[in-house]
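Just so it is clear, A, B and C label the chains in written order, and each chain counts residues from 1 on its own.
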């Protein structure tokens, strides 16, 4: 049994990553091919020609179809053969490669790896800030050689910023702020409210005014594997509250972890914001900075994965700071059991 | 059980590859040492000193023998100890390393990896163009990280030239010519006859005259793992036929796949020809060109092997173009069953 | 069952390698962290944070403790938690990482990987020349990708010098000298006495006088994994004997093999000498030369290990020269059985 849910939507890639040229990416252990048809609709199919298994991603696009690079079998976007290697041979329409439901939402292309009959787009996690009016959103794709749940743990506890990101975004005040964790249905919320502090440089610049601020970090885990982090500051006098805090500068960090294998995943990171939305330079600087911050995480996460493998007798422990990650893993485990029961 | 036949001759190397210096090469899963005695007779033995298993190929030749680089045990060409590490110690003649029957024919050195009592040189595949009067023959050795049978499939269906070798030797006419496949005893023949076409540049140059030609490609698979491809053109007026076609320019592509492991093999490629036989420049250009053509195949074959491994639930399919490869694999499977029965 | 003894002292590193900065080194299959406290006492603990298993060696030293780089859990030199990731959380003193007995002797830091209750420093192998008055000792640490017992075999039979070190320290006379092997308790002695020969250049320089010499090589294996080689020359007229030979220039080569895995080990090499003890240039030249000599051994040993793995049907043989190694392996096997009985 795998460590990930099957009957769920996963991010396959950014809308801009999936284009007319074939893209090969392994999703939940399955080598996949992605591309867009001429009408820009995305297509996902198994990345293996039904003839001799050469990856179709090595082939050439022809109209809405793909032609295998080895013997020229032509496969349509529905996965069915359209032309045999020997052009004079009648097409056997029973020849096909598995295709998968895809959907496009919130700047991502999503794939459903389980039972296609259940693939309701309404089940796509609601990453609203990625496509809300008045907000702008951008980010990047990273590969991490660790279990996707280690990244969830990482994101659901921002304590690590103090140590892992000591040289970049870490701030000791974070350690002193009380954390509140709660489960709401299929979500876990971890909140930190830092009232009346001095804004760190990033947020001071975003806010564009002096004076003490209220700062917040609210991590939300959403099944199967998303973490949205609501971050920002508001002037103390604006009266922001944990429930309502649109008075200042607000960002939403969007993280989606799509398993590649049991020990690796694709990490989709982005930041949505409701300030300086037309400042392309801000967006570029933010993405460059994230590259450096993520490099610090990657070193830690991949070392942790290797240590888990070289210390088979040892188990991960959980302390108070880990409550968010623990609750998120519990939601995954509960949903896995539900899938198993339903199967 | 292995995927290859045991009681058969396999190519160990080109006559020029096996020389007085030790050559290490793994054949059918067994690390082997090859060299020639002073009288030029080739020798094959297990590449592991019977003393402490250091590869003998790291040792030094002394006369017809080899001395291990670790403690100096001296092994004769019959595999038996000739001198102990401590020179004063009496030689224990029961110390020996397994040796294997070898034979030299058709410009290759052959090795018999099975029961030595059955190693009849008359069983060496008849690659006659490699050593026929009026013909010249040369080629090279390549390493391919795929099951040797994937290369047989590749060679028994030249349809792939259109796609894999689109930029080099591919020609669309090949797709339009009818194929005829037949099994004759331990051989499979796949023939393509292209009457009255315009000769491609390579063959026009070889033929040295203008006008329409008959062109042919006749692939012959021979157990355990050879493919000879009879290729050439003759002026239409010469009246060449599939059975008799020595009227023009004719070549024989010689391919021998010697398994190294279940997922890799040594590929011996050469071309014999009955034209321009004294033109060393032609030979050199032909070998250089083949390097480029083979690089195109290698990318495909190794990607195919990896895809087979990462898609354990999928199976190779066979269409009409694959009949030659299917029949060749059937001959191998039938011979494997016969070997198993006899064992 | 492992191939090494558990209730024994192994060299963890040179006294100079283990310092205030964290050192990660896998000992007998266990990833370990080593460092020294402010009072210079060495500490050894499992190199995995009890919280989320990140290697503690990636952390930062604070006083006598180490703080994990991920979430800041602070671990004392006794392996117990001293501060939680969330500083306001009360320390749970049951959180701990396994620690191991260490001792410092003969210029090495030693670690006991088995039952700590049995870790008596009196059991540390008596490598007396490393710390004896009138002697000087220095050397280096090497990594070898082979079973530690292959290195013991190598050292207990110096015949290999003639072949492996033909270009450096090999000398044909070694082959002609008779060997005497005997077991004494937990030790194996292999002696070579070469009376009245011409001293090789190294020893001529050390002796600082002309004339024929008696030369000796006496290898001693000590459990669990040490080899001391008593080497030197004395003028013939000095009347040196196998039992008493301090009349000339004498060195003791010290070798300790600490298993890393079943197929790799840490090789600690040094040479103690009772001549030119204040000549730092001599020490530096000796260490540089050993780098070159060891490189010759490493090529052989790692090729031997690979050959053992690729020839699973073949077994190591033993001839007369191997008696020392055979006896050493017998001592290890007997002690392993004793450990098993006691368990």
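Throughout what follows, a contact is a pair of C-beta atoms (placed from the backbone, for glycine too) under 8 Å apart; a residue touches a chain by one contact, two chains touch by 3 or more.
A quick map from chain label to UniProt name: A, B, C = Aromatic ring-hydroxylating dioxygenase subunit alpha.
Please read all numbers here as calculations on a predicted model, not as lab measurements.
**Q** Hey, what angle do you get rotating chain A onto chain B on C-alpha, to the nearest 5 degrees?
**A** 120
**Q** Mind checking chain B against chain C and telling me if their interface is mostly the same residue numbers on each side, over half, or mostly different?
**A** different
**Q** How many angstrom between the C-alpha centroids of chain C and chain B?
**A** Once rounded, the distance between the two centres reads 49 Å.
**Q** Which parts of chain B, given as residue numbers and ranges, touch two or more other chains?
**A** Residue numbers touching two or more other chains: none in chain B.
**Q** State the interface residues of chain C toward chain A in the complex, per the touch definition above.
**A** 26, 31, 46-48, 50-55, 58, 67-73, 84-89, 92, 95
**Q** Under the definition above, what is the set of chain B residues touching chain A in their complex?
**A** My answer: residues 153, 157, 159-160, 162-164, 175-176, 179, 300, 303-304, 307-308, 310-311, 314, 316-317, 319-321.
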